[in-house]
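Look for chain A in each of the two complexes below; its partner is chain B in the first and chain C in the second.
So, the complex of A and B:
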């Protein structure tokens, strides 16, 4: 991590909050926590474009927790909405109708349903056009707002409302998680990163770095969901940290497509530690342990990191 | 015989399941039943309402829709009594019964309604003792079943098994819930439930007058959710021991609501809005944060 960062310790993050309390979101929500840290670093001059999802509910007319502007769009078209706002701001500034110092940063916030499934084409279009915007995807690995149905971000083995473990299908969700990072990376955007609310300094440094670039600046955040994943609300941050330390959620960035990991765990924690604390994976342990699925998940993580160690550290393990 | 039961609670505590447990046990006892919940766009912790209608005569259950004139009300969180949106006792039938989940004595509840029977009990405490978590579905469902005075334990046990298995609870956890149901079933006595008047009031709740800044839409307002006071969602209250605290400020960063603030090298918690998720308790590296049940907090 760059040593010349403005953010050296947690105390450097105690700046003004732009998301205040009192939202109707669940207690212990990982998405609002990510947004709060993200917004702190981004500053107050932001207009958020929000596709339908859990976080949409934070703004419940006439109430808003945001000290910045907010626009709501349908699930498929948040980046298209961002394009409209960006263009309008550019034209107004060019014509001198608003002063240049009143420029706003345009940021998109969507859940994994909009980013991985329904809005994939519009974000691809916006990245392709080189739209100057931020994209924050809070990934809770299912359609949490409607009752936790699977999305293409759902990992192997997860129980969701539409992939319950049954005698015929004991492992729950059968498909693997879509690799949105690689899909977006194929567009070679100026800045792309994965973040976790358990690592706030990492978030701050990544946004600081992204701010230097003009064009799409994309962030995918893991956001643990207490009711959907099935853990106590106090565990949200620990769950995000476990995801990073078991290696299932790598923290990395890609500048014009060049990947670099910002946190390389020297020794991976066994993924079991992460899985067995969540009710959505409970059927893998109870009543009988499904060692095969757990081994598949662990094997994939190890394979991923072996490649990372080889490429970034020049080690063969 | 007609029972209109209305359940008031907070999302995630099991109000919907409680109404289903009452409905299913009455159905197993041979009655005709409807049960259904309503909840808005809001999430875990926000007020939720569920309804159960029970009758021995199917012709009395021809109507559909919300219950405005219940003869049995179950309030799973006493903080709802003062919530103008939930307003749990609105429209309750004269002579009807209300159960309130609280650790307080009846005299300390300050309920304005006359001519209704109030029953109190600490279901949250029992659920923590028997199940280890705040799950009110079984407890409130069992109490509602007993208050009707016409459903036997066997039907309730069957209903608890059926409803909890449907949401994926089995094994040891199910056994604990049945024990909780048994305890709650024995906690109260059948209550008087005069038949509800058929007079219709097309309002879910009566909205009281509120101070203008609360109810006038103002689109230029920013950061105004603070006035909604989500602090009433809390079951546990975090307490910071400032002598043990090293001011590392991790809790300030990790609080999803941003209610912990560093002021003059001291930590201030906005308890009006703290939802009680306890992430601060879990993340404190020196264990300077503890928690107590809201009911026991001073």
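So, the complex of A and C:
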């Protein structure tokens, strides 16, 4: 990635945290880990606008772990809440009623349920209008806060509370994950990226780059979820890294719709390594291995990367 | 002098009139837009819907040509519109917005939120009956569906009242004893698209009446705050809801204070209810909205015929001005409540509210008749009001209990019959 970044090594990340210890979220939560890194780069003058999800419970009266501001809206309309704050600050500055140094960065934080499903309309509206805001979607690939029911972000083969694997339905969740990156990219926002908490420098550099643009700056983060996915709480970073190394979670960015991958694994790890470490995919391995589904998943990953190698490296594999 | 004379001769006398308050003909929608302009609102999140759209069109025009300095954003739905309105107000902007009917219901979730956030926006609702069946014509079901949300609810009868109530609503909503949003309601078509003479207040006078919005803890750099957060302990939720209730009750007093100041500035008098030829009347008709004008006319006619009737117009629906209603209806021999709404399985919503306000009151009227009329824009005639009034008198004479009346005229029945004939391909009433 860009060699002129001020973030050359992990030591370049601020030691200061804007998300302090003592949140009521699950231990090992991938979302809060991403938020911690994200917030270091954004700085403290941020108002987070939230939609219903796990992270909503982070700010529970009278406690907040944030050294920034917080606005909970409702499940479908966090981007509209961001619009109201941005518009108000803009007009008050324009009218000279508040000094420019009282301005804030406006950032939306929602889960995949709000981003992929119920809030798709309001995020599309905000991106279309060119709202100057950040959107951090922590994607744990299901409705985690309500007990892990499938959302349109759930990947093929996952067990969720509403797609239980049974003898009649051995694969679990049958549909493919919705491609939110491509939906958002179709709006041609100034900055759009996928991120992973296993790659903090990649996050830092992406925010650094995004900050130069006025308009929507959108981030979709893979957010391993220990209780939902079924892995030990200390394994969060390993899960996120495996997602990147197996190629199931590509790290990429799109500037005004032009896609570029920020990390291209030269050799993809087999997706089995990722799947078999999580209880949500256990039925694909026990009691009998469902080679067909695993091969389908692997095949789709390889097809995706063949296209990337061809387009970005000029290689045909 | 020559110039003056010339203008006089040409008949342009209006140029010579000193700049005193003059009535201008305008629609209710334009009056609402003028109120937002005079209140110098900062932010207008909007979304089009009939019959409200003219309000935002007018504001968009003024902002585009520089006559008004405000930020207008067209959102992608009323749900988002109301969300942005609320967060805008929490960021220190004076916010105005407007909707109707389906739009209000689409935003319904956020009504409770915006009220709970204590974001003092003013929303104009232009009443239109709610689908299904879908129509553009007015009734009050949309407006009345918001009555448990925490909003202050005001209902205007005339275009002038639309303008004045919006200005008063900002005073009440932004008052720290209240700090709740308001809905100012007007009837679609009858007010929204009907031109009436409206006196436009001078901007300096409005500024004296309505000081600049100054929110206590807006989102600002360096000042951290958390709003709309979860409360997982039930007593905390109850505590905040009780706070909203008491703040809403305060709005009766705050509204009256604002109205008396409004009268000093603009020489027009308002109260939470309006009594029309009521004080010495033996019988009362209770109504709200633009059809009250028809009710008032009926009262004048009945008075000429020797009946002792008056009218009580409900201007404030939330908080419900129970004491004022009790005082106004005290010792009346009979009351007719005309509802321009219907709660299927219950009847008239206002009737229920009036009954609850009067229950347990020692001097309450012995007879209260529920009448439903004007649902979905159906007209209301003097003859129908005469009919229900005679029915009330008949009940009083005979001592029988009045039964609710759902108005439907013979000419309307004929019209419906002919339409049903087309719809069913035969005379449905004969089947």
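Throughout what follows, the second predicted complex is superposed on the first by the 315 of 317 C-alpha atoms of A that agree within 3 Å, B and C clash if a C-alpha of one lies under 4 Å from a C-alpha of the other, contacts with A are read in each partner's own complex, and residues count from 1 in each chain.
Methods note: a contact is a pair of C-beta atoms (placed from the backbone, for glycine too) under 8 Å apart; a residue touches a chain by one contact, two chains touch by 3 or more.
Here the structure is a predicted model, which means the values were calculated and not measured.
Model built by superposing both complexes on chain A: chain B and chain C fit together without a clash.
When the two structures are aligned on the shared chain, A:67 is found in touch with chain B and with chain C.
With both structures placed on the common chain, the touch criterion links A:124 to chain C but leaves chain B unconnected.
Of the two partner chains placed by the overlay, only chain C lies in contact with A:89; chain B stays clear of it. Contacts of A:57 after superposition: both chain B and chain C are touched. Once the two complexes are laid over each other on the shared chain, residue contacts for A:291 go to neither chain B nor chain C. Applying the stated contact rule after C-alpha superposition, one finds that A:13 touches chain B and leaves chain C untouched. After overlaying the two complexes on the shared chain, residue contacts for A:81 are found with chain C alone; chain B is out of touch. Once the two complexes are overlaid on the shared chain, A:313 sits clear of chain B and of chain C alike.
Across the overlaid complexes, the C-alpha centre of chain A sees chain B and chain C at an angle of 90°, to the nearest 10. Superposition on the common chain places the nearest Cα atoms of chain B and chain C 5 Å from each other.
Residues 57, 60-61, 64, 66-68 of chain A lie in contact with chain B in one complex and with chain C in the other.
The touching residues of chain B, when paired with chain A in their complex, are 11-12, 41-46, 133, 168, 171, 216-219, 221-230, 233, 248-250, 252-259, 262, 270, 273-279, 281-283. Contact residues of chain A toward chain C in the complex are 45, 47, 49, 56-57, 59-61, 64, 66-74, 76-77, 79-85, 87-92, 94-95, 97-98, 101-104, 121-122, 124-125, 128-129.
Contacts from chain C toward chain A in the complex involve residues 42-43, 45, 69-71, 73, 75-77, 79-81, 83-93, 95, 109-110, 113, 218-232, 236. The touching residues of chain A, when paired with chain B in their complex, are 10-11, 13-14, 17-30, 32-33, 36-37, 54, 57-58, 60-68, 159, 164, 197, 200, 226-227, 232-238, 279, 286-287.
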